[in-house]
Amino acid sequence: MSATTSGTLDAKKSPMWSSGHGHDVISTKTLGFWLYLLGDAMMFTALFAAYAVLGHAFNAAGGPWIRTVAHAGVAFRETAWLFASVLAYGFAMMALKKGNRGGVLLWITAALLIALGFLAVDGHEVMALFRMGAVPERSGFLSAFFTLVLYHGLHVVVGIAWMLVMLVQVASAGLTEKVVYRLLNLRLFWHFQAVMWVFMFTFLYLRGAIV
Amino acid sequence: MTHGTDNAWEHPEVQLAGGGYVAAFVVGLALMGLSFWMVRGHMFAPAGLAIAISAVAAVAALVQCVLLLHMNVSRTQVWQTVALVLFIPLFVLTIGLTSWMFHGLYRRTMMMPAAHAGAPATQAQAGGA
Amino acid sequence: MPMNSLRPKGWLRLLSLLPLGLLGGCAHRRGGDEFWMLDPRGVISATQDHYLALDVLIMLFIIVPTGFFIVWVMRHYRRDGGRGRHDARWDHSYALEALVWGIPILTVGALSYYSVKAIYAVNPYHPTVVVRAARAAHVKNPLDIDVISTDWQWVFIYPKQGIATVDRLVVPKGIPVHFRLTSATVVNDFYIPQLVGMIDVMPAMRVRQSLLVSRAGTYEGYSANFSGAGFSWMNFETRAVSRAAFRAWVARVQGAQAHLTYAAFEKVARPTINVHGRVAYFSRVQSGLFRHVVAETAAGKTYPTPMAMTENMTRYLKVQARRDAHNRD
Amino acid sequence: MFVHIDGPWSPLLGRLALSEIPYNNPILIGTFAFAALLAVVLVGLVTYLGLWRTIWRDWLTSVDHKKIGIMYILIGLVMLFRGFMDAVMMRAQQAMAVGPHSAGYLDSPHGYLTPYHFDQIYTAHGTIMILFAATPLLVGIMNILVPLQIGARDMAYPYLNAVSLWLTAAGAALVMASLFIGDFAHAGWFGIVPVMELPYSPGVGVDYWMWAFQLSAVGTTLGGINLLATIVKMRAPGMTWGRLPIFTWASLSANLISLSTFPVVTVALALLALDRYFGTHFYTAGLGGNLMLYNDLFWIWGHPEVYFVILPAFGMISEIVPTFSEKPLFGYLGMVLASLGIAGVSWGVWLHHFFTMAASPAVNAFFSITTMAVGIPTGVKVFNWAFTMFRGRLRFELPMMWASAALFFLLVGGLTGMMNAFATNDYMVHNSVFVVAHFHMMLLLIVYAIFGGVNYWFPKVFGFRLEQRFGKMFFWLFTAGTAVVFIPMFTLGFMGMTRRLAYVAFPQWGPLLDIEVVGIAIYVLSAVFLVAQLYVSFRDRAKNRAGLDAWETSRSLEWMTHSPVPFYNFAVTPEVHARDERAWRVARGVDTVRPERYEDIHMPRNTAIPLWLGVLSFGLAFGLVWRMWWLVEVCAVAIIALVVIRSFDHDTDYTIAAKEIERMERAIRDVPSGRPAADDVIGGVPAFRQGV
């Protein structure tokens, strides 16, 4: 193998400068956003690692532990809400596939409303825990627990805000290239947080019923 | 745009959307329900249960990655998939190695009531090593 | 002494100086006994030195020829005056690439083997070299010492003797000493270069360390991990004495006036920069004090650093210096 | 909700009060006077030359990857200077504060710095050198080179690139602000918990450190995404993975590291922030916290970060050595695998930063072995460079001098690194100055590679070569300084000296500390020659004018466009036929083939939004440091609003007509490998002129 990997190429005949070459904007944007999401997954990983370290009984420092704060039943209800919202966003994507602007608007609105339902259940649950004195300042365990729950909740809030912005953009600008790649990125974001929720549900909420 | 049309929504990545979403919803919810049911009914001993729900979570995540996030090796998706595959070992390493080292650390440094009560340092050390 | 066999042989110790020679040497006074790292006086540190020498030797075996090769290539193939033949296309050779990967892999393999061996040999919780040396010398009762680091002093408790000291460690030579260590505030590293390597002393956790001194003498110990403003003054003198002298010392301390109760400990643990290296002795120690300190720390007890020792610690240091000047050790 | 802090607080200024300005400290006042004087001179100069418009239009609002790269490098150089001054102060203090009888000045018991002040200085030194000098310098170089090496017009996301730059700049500004307003952290550049928790650090220093770190971490993560996407998506036709220039491979590996690890440090710091602001218990000793968790999370980032900065340095050496050996890189595939291997292994070694935490022997053994395994790909690299020179025709011009000196640092750093990887050796030297000397060897390797790279690519970016005579004197003096500082430091390590001592208790360490000060003096002297080199180079720039290929034997794609590079990089995107495209074309005599026709070029438009985002995030962080909640709220809302508003801006690009390109290309009058006649390089070529 020599430095000239194309040794057989006839230099005089092959073109030196390309023409008509452009880059696929949409693919470039979605790749970058996916890379960002992998970074975000790394943040979730770090938080899960922190939770793995601080999840022991003695990290609760005599305060409420996992059995008291993680309610699998409620969490399963939240799962249903969240997955339904994800499905609704999927329908928005199918409407986009056909260039159906009205369908996109309709289904994003649906996804947004269902996500609000998730937030309501989630928020209610967290507030109830706070009222019974299970607050993040109580112990290392609760700090790690609530940080994970609230970090996922933050994703849902950001997703909802983003959907609002996209509703305005789809309505005002139509399905332009910029709007389309943002819808695709939002799709990645929204489906990504659902994947994260799978781990939240399993290792946060179900664990409470095991130990 | 290089895909040859004026309509942005005709981009191949948009065209990936399909009926998989419904399947993802049904399978995802069913798998989470399965975990929930196993835990509720205490189907196995805690250790077995932990392994079982972890496995179900892995399957559910895989299903979502394939059906929702379209992780495959088609021309538009291949780099997304490659990036994910490169990252998965890092997730495992981070959590796995951290748990391992702290498991040892806790065992060796925490003064649990049972672990050391009244034991002189010399006797406890063989166990702690 | 039987443990002498564990100390690196003379020539090996000489070789461990090689990197220094390679790096250009240095001010070398009084026969090199200021090179604490290379002048081990305990079984643990001697073992560590032995492996250090081994490690350096193996590495030099690779690095020195490589260095010479690079220098030779640079001379031989230089454009102005070099004698090497230029080959503008040569960029690959399977044999050389196998060598290029093979040499590091073999080296790392060998080093890994010794590294793992060494880790088990001086494992602070169960140092096989100490165990073996003690067995060979038929030493039955090791000495237990509890160590608590505070901001910024060291409290040494001898539970069986019922005594405690601040910033002074006295151990008998030839007898294994087992430490339990914890911190009342922040993390420190317990470190006596000539006797034993570093170990993190962590609040609310208990770690162990062992040592076995093979030669009597006075050794410096200090914290190696930054722990706040008074960190630089966190030294304690370690005196390794004969068994008889140790017994005499214990008896003397048992006559000291002060007692170390938890309340007295809280006073000691208040942030103090021991500028003048003052030593304190306590003749009676509240039983279970070590565990009590760990439990209190785990329950959230802290000894906050006053603002006076952060932004504006000058005044504090002056007051302290004046106070210490009046009642020196 | 917020944790209570003792001391005064007002709604308007938060914890900030006049007493936080260190007007009674002569050192800081002197520094402030110097900085203010410098600022006045600079502002005056810019006004006198009438450059405000250019600076705003062509630089501050630019999204051009080359200009952003240059600005990164400028930030890096300024911070390098600041970090170096910290080093000077540290060395002076340690040399003065030896033994109980050493004198004390300026209210200090020994030396001239109080322990608390000294602690801040070494913390600032480390933080600055790693995060605000090495990282921006290398990110800047990657920014400039990677798009050029793969034949791209710009980065994948030019706007995001500017955002990354200004976030890093905001972080650097925050560090600088801590000099004169309040104080800086005192717990080491990697932070030591629980020293950084509120009970032990009640001041704002840790907050400054934390938020500056956080801003730079976010900036670098975004930059990593950008570079990765650029390398994957923006390659010119024919630029297959097997033909990717080696520096681009190194950048790819480095940015895989940055993308995967910077988020972890973001979390580590965020959890610390939660502890300090909301009173949670992540890293506290009591109430269920675990302080080792911080070490764990921090070093998951911290060790790979070392490779994040060293891989581009390796990449630069791998570009310089073949050029001046006049032959291709030996073992290209091995080099690529070694780069990726280093990135991969870097993920499994982090515990070696706390070998002494009493983990079980099995854990220590595992991490000792993985750490040593890093030596395999690194060893491969050294051998490959040696074999690249083997059978070459070596020219020791400046870049080659720096690069080959770096090789020897790698040998010393590798030897001492293997010593530290050996866990029981680490027990002996873990927190000693031996370790400090070791990682300075590695960081100096990076510095040497950077100086080599700057000398090597300077003509590509600015159009003229750097002067060699003063440059060589700078090289030799710098090397002498390195020897005189770090050989005693290694020796002190063997004598048992630990790091971070504001006061040196053992007088026998004194003489070597004095020698280190001599070394520092040599460093200072060498800087004079650096300045002379830059001045003479600038003065004689017409004489040192470089053509396409400044070194005549360069090999990769970036040497196929003009020097300096026009803002559109390549008038027409090149077709790539070989691994070393430039060398391939020269060998076949087709390097003079110019494009037959030009096409319209699509370019991103300049925008001030990234700059405002930087300013606002500085405000946000500053508000958080001093707990001025109104400022935090205003800045947070403004940031979100700006991001949303930007997303409604549809006019973010523009097109340059083919005719215009042709006109500009003709104006350059470049001779492919000869010396083009240009009277005034700077400002005289399209590189620094961008039509909007």
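Each chain gets a letter, A, B, C and D, in the order it is written, and its residues are counted from 1.
Just so we're on the same page, a contact is a pair of C-beta atoms (placed from the backbone, for glycine too) under 8 Å apart; a residue touches a chain by one contact, two chains touch by 3 or more.
Since the model is a prediction, treat every value here as computed from it, not as a measurement.
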item: Most contacted chain pair (by C-beta pair count); value: C-D
item: Chain whose Cα centroid lies nearest the overall Cα centroid; value: D
item: Chain A and chain C: spacing of chain centres that average the CA atoms, whole Å; value: 47
item: Rounded Å distance, chain A centre to chain B centre (Cα mean); value: 14
item: Distance from the mean Cα position of chain C to that of chain B, given in whole angstrom; value: 41
item: Between chain D and chain C, distance of the C-alpha-averaged centres to the nearest whole Å; value: 34
item: Residue list for chain D, restricted to those that touch at least two other chains; value: 232-233, 260, 264, 284, 286-287, 290, 292-293, 296, 300, 328-329, 332, 357-358, 361
item: Sequence positions of chain B contacting 2 or more other chains; value: 79, 87, 90, 94, 98, 102, 105, 108-110, 129
item: Per-residue overlap in chain C, given as positions that touch at least 2 other chains; value: 89, 91-92, 123, 125, 202, 207-208, 298-300
item: Partner chain D, residues of chain C touching it in the complex; value: 19-20, 23-24, 26-27, 29, 34-38, 45, 47-48, 51-52, 55-56, 59-60, 62-63, 66-67, 69-70, 73-74, 77-79, 82, 84-93, 96-97, 99-101, 103-105, 107-108, 111-112, 114-116, 118-125, 151, 183, 185-187, 189, 191, 193-194, 197-200, 202-204, 207-208, 220, 222-233, 235, 275-276, 297-305, 307, 309-311, 313-314, 317-318, 321
item: Chain D to chain C touching residues, read off their complex; value: 6-7, 100, 107-109, 114-116, 119, 183, 186-188, 192-195, 199-203, 205, 284-287, 291-292, 325-332, 334, 354, 356-358, 361, 364-365, 368-369, 372-373, 375-380, 382-384, 386-396, 404, 407-408, 411-412, 414-416, 418-419, 421-425, 427-432, 434, 483, 487-488, 490-491, 493-496, 498-506, 508, 511-512, 515
item: Partner chain D, residues of chain A touching it in the complex; value: 1-6, 9, 11-12, 14-24, 27-29, 31-32, 35-36, 38-40, 42-43, 45-47, 49-50, 53-54, 58-61, 63, 136-141, 143-144, 147, 165, 169, 173, 176, 178, 182
item: Contact footprint of chain B on chain D as seen in their complex; value: 232-233, 256, 260, 264, 290, 292-293, 296, 300, 347-348, 351, 357-363
item: Chain D residues within the chain A interface of the complex; value: 3, 156-157, 160, 221-222, 224-226, 228-229, 232-234, 236-238, 242-243, 259-264, 266-268, 271, 274-275, 278-282, 284, 286-290, 293, 296-297, 300, 328-329, 332-333, 555, 572-575, 577-580, 583-585, 587-590, 593, 595-597, 599, 602, 644, 647-648, 650
